[in-house]
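Two complexes, one shared chain (chain A), two partners (chain B, chain C).
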Partner chain A sequence: MNDSRPVVVHMEDICKRFGAVQANNHISLSVRQGTVHAIVGENGAGKTTLMNILYGVFPPDSGTVTLYGQPVRFRSPAEALQAGVGMVSQHYALIPRLSVLENLMLGGEGASFAPLPRAQVLARAQELARVIGLQADWDAPAGTLSVSQQQKVEILKLLLRDARVLIFDEPTAVLPPADAESFFALLHRFTEEGRTVLLVTHKLQEVLAHADEVTVLRAGEVVATMPVRESPGAPPQIDARTLARLIVGEGGVLPEEELLLGKRLDDKPRLRVEGLTVPPIRSRAGLKEVSFEVYPGEVFGIAGVDGSGQAELIDALVGLVSPARGRIWLNGEDITHALPSVRLRKGVRYIAEDRHLRGAILGWSVAENSALGLHRQGGFGSALSLSFARMKEFAQRIIARFAVRAPSADAPFSALSGGNQQKIVVGRALMDTPALLIAGQPTRGLDAASTRAVHHAIREACRQGAAALVVSFDLDELLTLCDRVGVLFDGKLVDIVEGERRRREEIGALMVGAVKGGGA
Partner chain B sequence: MGEVFDIELFRSALRLATPLALAAMGGILSERSGVVNIGLEGQMLMGAFVGWAAAVALGSGWLGVLCGVAAGVLLGFLHALLTQRFRADHVVSGMAVNLLSAGLTVFLLRRFFERPPSASGVPNWSLQWLQPIPLLGGLLSNQSPFVLLMLVLPFALHGLLYHTMWGLRVRAAGESARKSRLAGINVVSIRYRCVMLSGALAALAGTYLSLSQLNVFTEGMSAGKGFIALAAVIFGRWTPLGATAAALGFGFLDALQQRLQGETLFGMRVPSELLLSLPYLLTIVALAGLVGRSTPPEDLGRQEEGE
Partner chain C sequence: MKTSWRLLLLPVAVFVAAVAVAAVVIALSGSPPLPALAAWWEGAVSAPGALPESLLNATPLLFTGLAVAVGLLAGQFNIGVEGQLLMGALASAWVGFAVSGLPAPLHALLALLVGALVGGVWGWIPGILKAWRGAHEVITTIMMNYIAIYLTQYLVTKVWKDPNSMSPQTPEALPSAWLPILVGDTRLSVGLLLALATALVLWYLLKRTVWGYELRAVGANAEAARAAGVRVSRVIWGSMALSGAIGGLAGAVEVLGVHHRYYDQFSPGYGFDGIAVALLGNNHPLGAVLAALVFGAMKNGAVYMQSVTVPAVPREITTVVQAVVIFFLAAIRFQRRSG
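== the complex of A and B ==
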């Protein structure tokens, strides 16, 4: 054991309750200087809550935090930053319409009414940007940057304040593989400089490959804290199975290895897309002349770096945007310009990539959200009356089948943890086998057990005759779940890989435009 | 037609634009920090009343202005309290401010003044030295100090919003309260200050009506100017310079409308009702977004999720 390194962060006996949920229950945690300390656990295990307490987002109900041996009690993130603790949260905290430089200056020191320290901040930022490999237009609105760039801007922000303790909440959830690799290279650089890293993640391989110590949380309590390796760079002493066991506990569900491939149930395509062209809406690429088919019984994956046209493809398929050119057929019927309600009636279901923005209404109950979008066909009533009993019953079926942790079907949707919210959204789309499922990052932010449950549900729906199109930035997910994977690059479908070619390296190369059709 | 466009038309346009522009600056401050302030109208009215009443009581126009502004700050505080502390809907709270002002000013007026006397107002500044300068002299000499302030303030506010840390924090608070807090900004405190300042500016616009234009208070004398100021904010895309340009446009239309009363245009008498409605028609055009997409601050009027 390498215990010579001093403890930088010590959290002792932390408790935090939200309503009926005890999010943190007597948690104690010690993090040593210059280490990567991973924190793992299922959704709702209390990881993010604990990190928010450390970063001063909210105070603990009880318990103490010690930093470099001094007791601290941050009342706001500003105070935490001042003390050298910084966090890059799961949903990035950059303000999209402010410029990159303005985002960097935000929350910085400086008299309120003195001129903005543009020149100084810019000079330091450029210096640090070289170190972490960020190239960005400093005056561009932050929202126009790619996800990886935004993450680097966030890191830069912490470095500008010289944060010595860096917290990362699911840092690689939306990064393409190559960027994830360079992110970890950066992490090791930070620890070598003597900074300390807390890494919240779902990906056990990341823990084994990069962490020095790991703390496992389950249901708000610490299950185990143990070293991952003797010294930096040494091989891991524990394996993924041990870790997964600890995370789910006795009788829990272990993460999947690989699902069996599906079988085409019919030679007539369920979905046919030809020459689909959509001007850019949410990305810079738009969609250019994309053609493919999805058959009943199969899961068709869409890989690609964020912003390659995925958003436009989804919007065109669910009917939120009319394509400029091209056609979409469902079961041979032209639905290119059909309204979303028509598509819903024909059995198209959508799992939104951003459930808060598109998938649910936070202020409504779980039951109401279960019926959302299905109110016309689910037998939930007529135009003049709604059957709340039916909705509740439907919600309870989802809750039972997907093991949703919800107080009741009447509970407000916002009272559920992120993972459980997602299960409701997924369950809604899959309860009655859809004709066509459009899924945007269906397992984003879910833990292993929930991810497995969602994957199985999608597979099962396809076995029952559904066709599924899954957009994901997680290559492992696509490889686990999909029979064929189409790769988008700069708005074009550069290739569709299946069989022998369905490999990580192949898809990864296609994603960055390295091979076949990339430039053309 | 020739005699319609003389210097007096533009002088009058400046005077009519002044309350709109001043209140619009208030609107920008509030809305940029994320708080919808449809209470501008009520704050303007209250400022007009308190300013005038204080000037009558104290015998000084400038002291009146000070008291009027203080009343606006109080109403701003009320709006901030309702929206930030008690999480009331911004529009409902703003409407409450409007109704409160409308009722309270009438009540106090009738309770304390049998026949509203003239107050000692704020005199115009002659600015003799400006007179030899062509155009500028004609426009700005012998105008109310409020008019001059209206022309200077937008530049000050522009500098404040875009070139100081304070302004950056205000804009951030309006774009995303949650993210701003993560960045270490005290969003609630920023919003309190902005909304109170907003009340101050709207009330200042009100004192201009009762202490510089007329020297007397009449019931409901703000007459929708607070709402037109809000339209100017949207027209000007939440920027001080843009909103001032919009206010000047509205002021010009209003002046033109007054000038054209009783005139004939192409041999026809222009119905005065039509002319009177011009600024309002333009407001509808502005609000309908026909002048190009005008995007409000992203978190405008949104209540934060509770922890």
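== the complex of A and C ==
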């Protein structure tokens, strides 16, 4: 390790407690200039908390933060940005209705009634956009951009403020593989310019491929800090297994290799979709004439670049939107226009792709959330006497089966870490074998052990007779979990790959519109 | 139950702070604040006959507080409780004087029912406008208030005016429609019990039924509720109709229990007071009971305070307390959300 590089960020003896959870317990961390420093650990290990402290989102209970040798105490992200520390969170912080340019100006407006520095910002933004490879309509609402474009706008925002220390929390969780590669090329560019990168991630391959140093957190404490490579570009000195061992600790569960493929349990399709056409809602593509079938016992994956029609497909299957054309059958019964509640009664379960928006109610307890959507199924008493005791019992079963780290079933849902919240949402859908599972990015933001648990639970449900449709932007997830993978491109289902063609390259090419069959 | 005590702490602290602000205002107006506060307390609680009168004052506040709270829990800010109250009050007054031949309890029950029904319709209209067309309920309920104010005024001066009186008021309701008096020699009627029962029923509905669970889900995260199979638009108009019905009941109980007729401008803004009651009661039906008792007693005590203080402290000082309560609680909630 080139120890001559000065320490830019030094966090010393940081403690932070949320209610009963000690999120950070005497954590110390040193990050050297011009390096990519990865922070890894399971859900709830304290990674995001530590980064939020560095970014001034909340203060530590005790401990100090030093930046370029100067002690600092940020009271807000604005102060952190002022000092050159910027963060791109897991949930992007753009305001969807404001234009790209307005989002860029946000936070740097100057005096209240001074004219907005539109021209200057635009000029600098265009210059920086060329550098990071962002092509965007500056006047388009930010919400209409694709996920990777939004991420680039966030990065641009930090560069405009000339952030020297860049924090990324799970930056590739929702990026398609090609975009993830260009993201890392950008990171290396930043470090060459002398910027410093903190990278929070679950993907160990990313750490091995791109980080210079890594710090492993477990249960709020530092387990190890070590160099990953001698110098930038050199091969890694550690392997994924070592890292995984450190992350889960003695007796922990290691990540999976590949799940055994499922067997069709019946020749009659559980779900049949024909000519499904949905006008665009959340993407630009909409859904165009999509037809496929999913059989009991099988996991059917949907691959595609974000915004290729996944949102419309999910909404139509769950019943949140009425398709313009086409039909949907569940067990041979037409449910094209059935209400969500009717589909729920028929055994359709939904894991929402955005748990904060759709999957849960943050202000409620874990127990109340675990009944959401199942509350009319009779498991929690009758319509006129809803039993909180049974909700609690059900929540405790989810907590036990999915090893959720929750203080209790009565705890507020928002007190759980992101990964543990997701486990509740997933567990709720899978506790009783569903007829049809519609899963939108079911393992988004989960660590290896939790991802494995979720995958196994989906597989197990399918062995018990469920059929599952999984939408994911993570090709590895689709390849691990799914028997067949349908690829969406521009709202059309361009191909369904299975057997020998179920390969990364094949799907990757189809995702970006390469001709069916692999010719270029 | 440690947490529920903690829930009480904030409203109590806010209330104490609001009274302190009122004391400062009293001092600025030239009256010595401590004797004024003592008189306030005396008039509200300890003077002979004060307590039943305080409870009488609390009754409409409890109804309107519950009406606002139901709306807020479903994510609907029903500012139209005042209009729903006026419509309900006039409708029950009409049943009281125009329908005859019914025995005592039935006549009163029918009048209450019609009052609730008309108030419910008055709340349902903005509800359905929101559910179907997305019209914001704050705007539409304010407009519905104006319609209610002028419509009742018209009816009570032109159509149903008491021929034996110069004032804009309806004829007196038949005694069979009057609510029985609860404590002899006071004006306190069984309306109080009705309000308390409404709070209990509402508490059960909200906390222990699928309907209440779905209502709270819509209020907390409508998108998540929709994904969980809740028919959101139904909940929106349903909650607005229920809120309106409780508002209508507030008016009916005032008419049948206290005045025995409808007269123009009988409500000093009970519907708007309900917003303060709901906020101070933390949107909880049982919290609303406590908040309504506190505000009702204050209103009552302020009348006495006005009569004994020199220079007189106007009884509108209660409005200051209410305003400061809303101000503080809104500020605290906003800060929590942005934090």
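The working rule: the second predicted complex is superposed on the first by the 514 of 520 C-alpha atoms of A that agree within 3 Å, B and C clash if a C-alpha of one lies under 4 Å from a C-alpha of the other, contacts with A are read in each partner's own complex, and residues count from 1 in each chain.
Basically, contacts are C-beta pairs under 8 Å (C-beta built on N, C-alpha and C of every residue); 3 or more make two chains touch, one makes a residue touch a chain.
None of the values given here were measured: they were computed from a predicted structure.
> With both structures lined up on chain A, is it a clash or a fit for chain B and chain C?
Result for chain B and chain C: clash.
> Per the contact definition in the header, classify A:383: touching chain B only (first), chain C only (second), both, or neither.
Second partner only, chain C.
> Between chain B and chain C, whom does A:281 touch in the aligned arrangement: first, second, both, or neither?
Neither chain B nor chain C is touched by A:281.
> Would you check which partner chain A:321 touches, where first means chain B only, second means chain C only, and both and neither mean what they say?
It touches nothing on chain B or chain C.
> Is A:362 touching the first partner chain B, the second partner chain C, both, or neither of them?
both
> Superposition on A: which chain C stretch among 5-13, 149-157, 203-211 or 329-337 collides with chain B?
Clashing stretch of chain C against chain B: 329-337.
> Can you list the residues of chain A that meet both chain B and chain C?
362
> Note which residues of chain B are touching chain A in the complex, please.
Per the touch definition, chain B meets chain A at residues 160, 163-166, 168-169, 171-172, 175-176, 179-186, 298, 305, 307.
> What does chain A use to touch chain C in their complex?
Interface residues on the chain A side: 318, 320, 339-341, 343-344, 350, 352, 357-364, 368, 371-373, 375-376, 382-386.
> Spell out the residues on chain C that touch chain A in their complex, using ranges where they run on.
Per the stated touch rule, the residues are 208-214, 217, 220-221, 223-231.
> In their complex, what parts of chain A are in touch with chain B?
Residues 18, 57-58, 76-79, 81, 87, 89, 93-98, 102, 105-108, 110-116, 362, 414.
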